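Shared between the two complexes below is chain A, which pairs with chain B and chain C, respectively.
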Partner chain A sequence: MMPATQSGTGNREPGTGNALVHADGVSKWYGQVSGLNNVTVSIPPGVTGLLGPNGAGKSTFMKLMTGQLKPSQGTIRVLGEPIWGNPEVFARIGFCPEQDAFYDRMTGLEWVTALVRLNGLNDAEADAAAKRAIDRVDLMEAANKKIGAYSKGMRQRIKLAQALVHDPELLILDEPLTGMDPIMRRKTIRLIKDWARAGKHIIVSSHILHEIESMTSNILLINNGRIVAEGNVHQIRDLIDTHPHTVYVRGANPRALARQFLTEDDVLSMKFEDDAVVVETARPDSFYARLTELAASGEAGQIDEVQSPDDNLQAVFKYLVKQ
Partner chain B sequence: MPIHDQGYQRYLGTRSAIGRSWQVMTRAGVMSVITKRVFIGMMLWAWAPFVVRAVQIYVSEAFAQASFLAAKGETFREFLDQQGLFVFFVTIYVGAGLIANDRRANAMQLYLSKPMTSAEYIAGKLAILCIFLTGVTFLPAMMLLLTQAILAGNLTFIRNNIYLVPAITLYSAALVLLASTTMLALSSMSKSSRFVAVMYAGLFFFTLALFNALRGITGTSAFAWLAPTAALQQLGDVIFRLQPRYQLSPALAALAVIVLIAGSIVILMRRVRGVEIVT
Partner chain C sequence: MTGDATPLPAFRRMSFFNASRRVFDLSLGEMLWSRRTIFMALIVGGPVLLALIVKVIESFGMAALRVNNQRMAGFSIFGVIIWALFLRFIVPVLGVFYGTALMADEVEDKTITYLFTRPVPRGAVLVGKFLAYLACTFLVVLPSVMVVYFLLVPLSQVPATFGKLLIDLGLLALGLAAYGGVFSLVGSFFKRPLVIGLIFAFGWEQVVMLIPGSLKQFTIAYYLQGLVPHAMPSEGVTSILQGLFQQNPPAWVCLAWLFAFLGGFLYLATRVVERKEYILEQ
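After this line comes the complex of A and B, so read on.
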């Protein structure tokens, strides 16, 4: 895990190598408002999650990647080529926007067919490709219904269908799981993983960390228009382990537990909560090892529950993006 | 039982060359309009003057007493002037929603994430309007010229008035381009096609009213450049070798038309983008 420097450049090699997307000093201003601030980053092949709270700059970054926005400063290359004003690269990309972008009076099939024609397919091929894509997102039974009658989840799926209908190398999905029910969400996550296994590269954004975590371990954290950190979940945890780590331990005798914890210098602070003690440790590895021994020996009574809010990605994210 | 591959099948067919997306856009737009009954009625109505003129030519050719109805050079100028009414209605009916509806449906961000530039998008939309407007200006005017030759049984009239071919072409082109670009520019500025229609009608009538008011006050028609329709009429008179109706230099009239077309294209290039930027 590599936290980005304030300028967003980090200390990585700037060469594009086999990067899917390479941004070099990219900034985007909307008038006096900064959407993206001096971002230099290389996104590797595979599935990459773009994480950040609402308004962090995820959509701006995605629109820069899809060539819909021109960087105010810097350059951005996608699949090895400059993306701005380069429609040949657009043909190799599938984009699923966050916002709805439909004509409600059209059926799902008509809409996907109309869009894939823009990729140069003739009528018969466009129709066949649209049906395949709609089938792939499990929406065939509603293909001939008007989009106006679609639920939010169905709308998301038909947007996914138009993104993959022309068989792109790179899929850029902006909050694709928004509005889906849990079953559809699981199906869609499985679909995204299948596409990745089939050789497609995917950049997917979300502000919900467990969604991304279920799709990939490779993430980019973005906040206030800057890349805060990049890497995989394990690297994130390594990084977080060098910083205070909170552990919640619930047991039969919290005071006895606290006494045992204070015998070593790996504990920074403690506080009591009902039947539990909440410990802040600077060395989680040694603390967990001690805790395991303590539970096995029973010296401090029975230990019923151990939780670490820092063990989930949400806490990592909160830590990394805190001001 | 055969087991089918349930996985995603890669597309192995051919794709059109990049740069032809505007044709897809135009085709889709044309197809969506020509199936509407209101539009079909409007087009039939727009061709009624052609039928009337054709009958006049027939009568003038068939009956010597009706020779006063015979086609002259001015006939075609008057005919195109009359068609201005239909140009107005077709422009509003077809053009008001061309970009406004895409903006309302948020569709532009998807269109422009496909292999299509904003210039192609504009060209595609412009072509829709140009096709229909040509269908109520250039096409009936040229058909009328042809009808005259057929009914007369010779090419004498055309030979004597050969300037009519380029005149009809040039004037129709100016009329169609001015109406199309202006309407598209307005359509790119709103998400409501109704509002666009009102804006276009407002622009049409307000500029004409302003020109007429200034004409009434100053006693000169030199301000015709203020009203696009008046400037175009002045240009039309020159193109058809007629006495110009206003006290306005033809060059200034042409400049007014060119500036309006160019201004509309600039607006379109600025407004047509995948992401709407509000600053």
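After this line comes the complex of A and C, so read on.
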């Protein structure tokens, strides 16, 4: 793990020819508020995780690299081309945004088909591509239901389907696992890894190290609008393991879940919140693995949602900023 | 969940029109079944209700409307409804509420991201949504005009007046398009487009039309008004109404200006959308 320099270039040369995304002195201000601050970075091919707490600048960076925002200062190129005002590059990019926003009256299939038609596919091709993408995210049984009736996890998956429906070279995923149950998280992570193995490139953001780590070892740490560090995940992993990790688990039977967690020696504390149990664990890895097993076995009832608040990372960021 | 990647056809660049048509396909259903359309149906239901009341009054042998002590016939009342209700009120209202919302709704709902991260020009997104607005308003407004017509005009007068009805329908369609063009620019440019749109339609346009001089040439209502006498019947009573519009320019000038408003403002709106950053609230 390389603590980033002021410019954030780390050990890569700016303007690297094969970089997926190359940002050169990029800043973004919203009026007086700074969203991103003089970032220079090259994101290499493969899978890269963008890790940082909420408000760190992840979404701003993703909006800049998807041409939704124009840099206030500096330049940004994606797949070797400028992205702002250059819509044709989107034929090679798939983007899964963070926001939970849809055309709720459309069915999942109608929505994905309509969006991929914007990539120039004719009706038959669009229909086939949409069905294939929806199948990839395991949502075929709900393809003809209105999106308004989808659960949070299903909405995340249909969003993922619209991002990969046109078979893009580069997938940009903003917090793609938010709201998914453990089994679907595992499947989605597998899908992302399969995508990478097929030679595609992925940039994925999260505020949960465990999520990023399960997809890639190459991460960019972002905080207060700056790239704080970049490189291999394992060193930051050691840092984060010294801090307790909080996990929010919502399910049909929180008390049964709590009984199961009590048998784990890494669980430091627990508390109930409505239909959820909030657990503090010393070993997030083994906790998440056990949680997935629990969801699969159904021993403690259905698990609907798993979330991890972003304050898990704060101590690590403080440490890195001091370096 | 599978990870297979069956190759898709290579990317085919679309023409601006083709891209707009595909955005239109995506937007029409959403627009047609939105709450705004229920509002529109209520608005256009007003003249239908009024025509029904007139029909009931006339069925008792009474005069529903008199001008200078002369009883107005069915088609004359229809002409007044077209001018006073549809052209001066309903068309601007729909133009404001739909035109300003073309981009604003997508931004507010945060669905704009899906359209702006596809390989289509942003301008085509606006034009596609504008076409959806036209289809949506035509589908609701024009049938209601037909209903009003058939409620007010006796069947015996239909052969003589049907051509005029078609002109009225064309006039309304042109009004919806021209106001839609202007308000699509307002909606693309301003943060509070609805307020500005309402000020334009019911402040500027109404006030300026009452002021002598050439300022009224900067309104859409002036050119729509200029076409009204050509669409109205020329019988005795309505000639009084026509007197109000005597100083209007010829029809071709009005048509040319209305198309210029439509084309010019829509073009400017596409330029704004191409250049503007839409920052979604977190």
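Note that the second predicted complex is superposed on the first by the 229 of 323 C-alpha atoms of A that agree within 3 Å, B and C clash if a C-alpha of one lies under 4 Å from a C-alpha of the other, contacts with A are read in each partner's own complex, and residues count from 1 in each chain.
Here is the rule we go by: a residue touches a chain if its C-beta (ideal position, glycine included) is under 8 Å from a C-beta of that chain, and two chains touch if they have at least 3 such contacts.
Computed from a predicted model, the values in this text were never measured in an experiment.
Per the definitions stated earlier, placing chain B and chain C onto a shared chain A by superposition produces a clash between them. Once chain A of one complex is fitted onto chain A of the other, the partner contacts of A:190 are limited to chain C, with no touch recorded for chain B. In the superposition on chain A, contact of A:119 is made with both chain B and chain C.
In the superposition on chain A, A:167 makes contact with both chain B and chain C.
Judged by the touch definition given at the top, the superposed model places A:223 against neither chain B nor chain C.
In the superposed model, A:137 lies in contact with chain C only, and not with chain B.
When the two structures are aligned on the shared chain, A:102 is found in touch with chain B and with chain C.
When the shared chain is aligned, chain B and chain C each come close enough to touch A:91. Of the two partner chains, chain B is the only one touched by A:33; chain C is not. Chain A residues 30, 66-69, 85, 87-88, 90-91, 93, 95, 97, 99, 101-103, 114-115, 117-121, 125, 129, 132, 136, 162, 166-167, 194-195, 198 lie at the interface with chain B in one structure and with chain C in the other. Note for the complex: chain A touches chain B at residues 30-33, 63, 66-69, 85, 87-88, 90-91, 93, 95, 97, 99-104, 114-115, 117-122, 125, 129, 132, 136, 162, 164, 166-167, 194-195, 198. The residues of chain C lying in touch with chain A in their complex are 1-9, 11-14, 19, 22-23, 25-26, 29-30, 33, 109-111, 113-122, 274-275, 277-280, 282.
Contacts from chain A toward chain C in the complex involve residues 30, 59, 66-70, 85, 87-93, 95, 97, 99, 101-103, 105-106, 114-115, 117-121, 125, 129, 132, 135-138, 162, 166-167, 187-188, 190-191, 193-195, 197-198, 200. By the touch criterion stated above, chain B contacts chain A in their complex at residues 7-11, 13-21, 24-25, 28, 101, 105-107, 109-117, 120, 273-275, 277-279.
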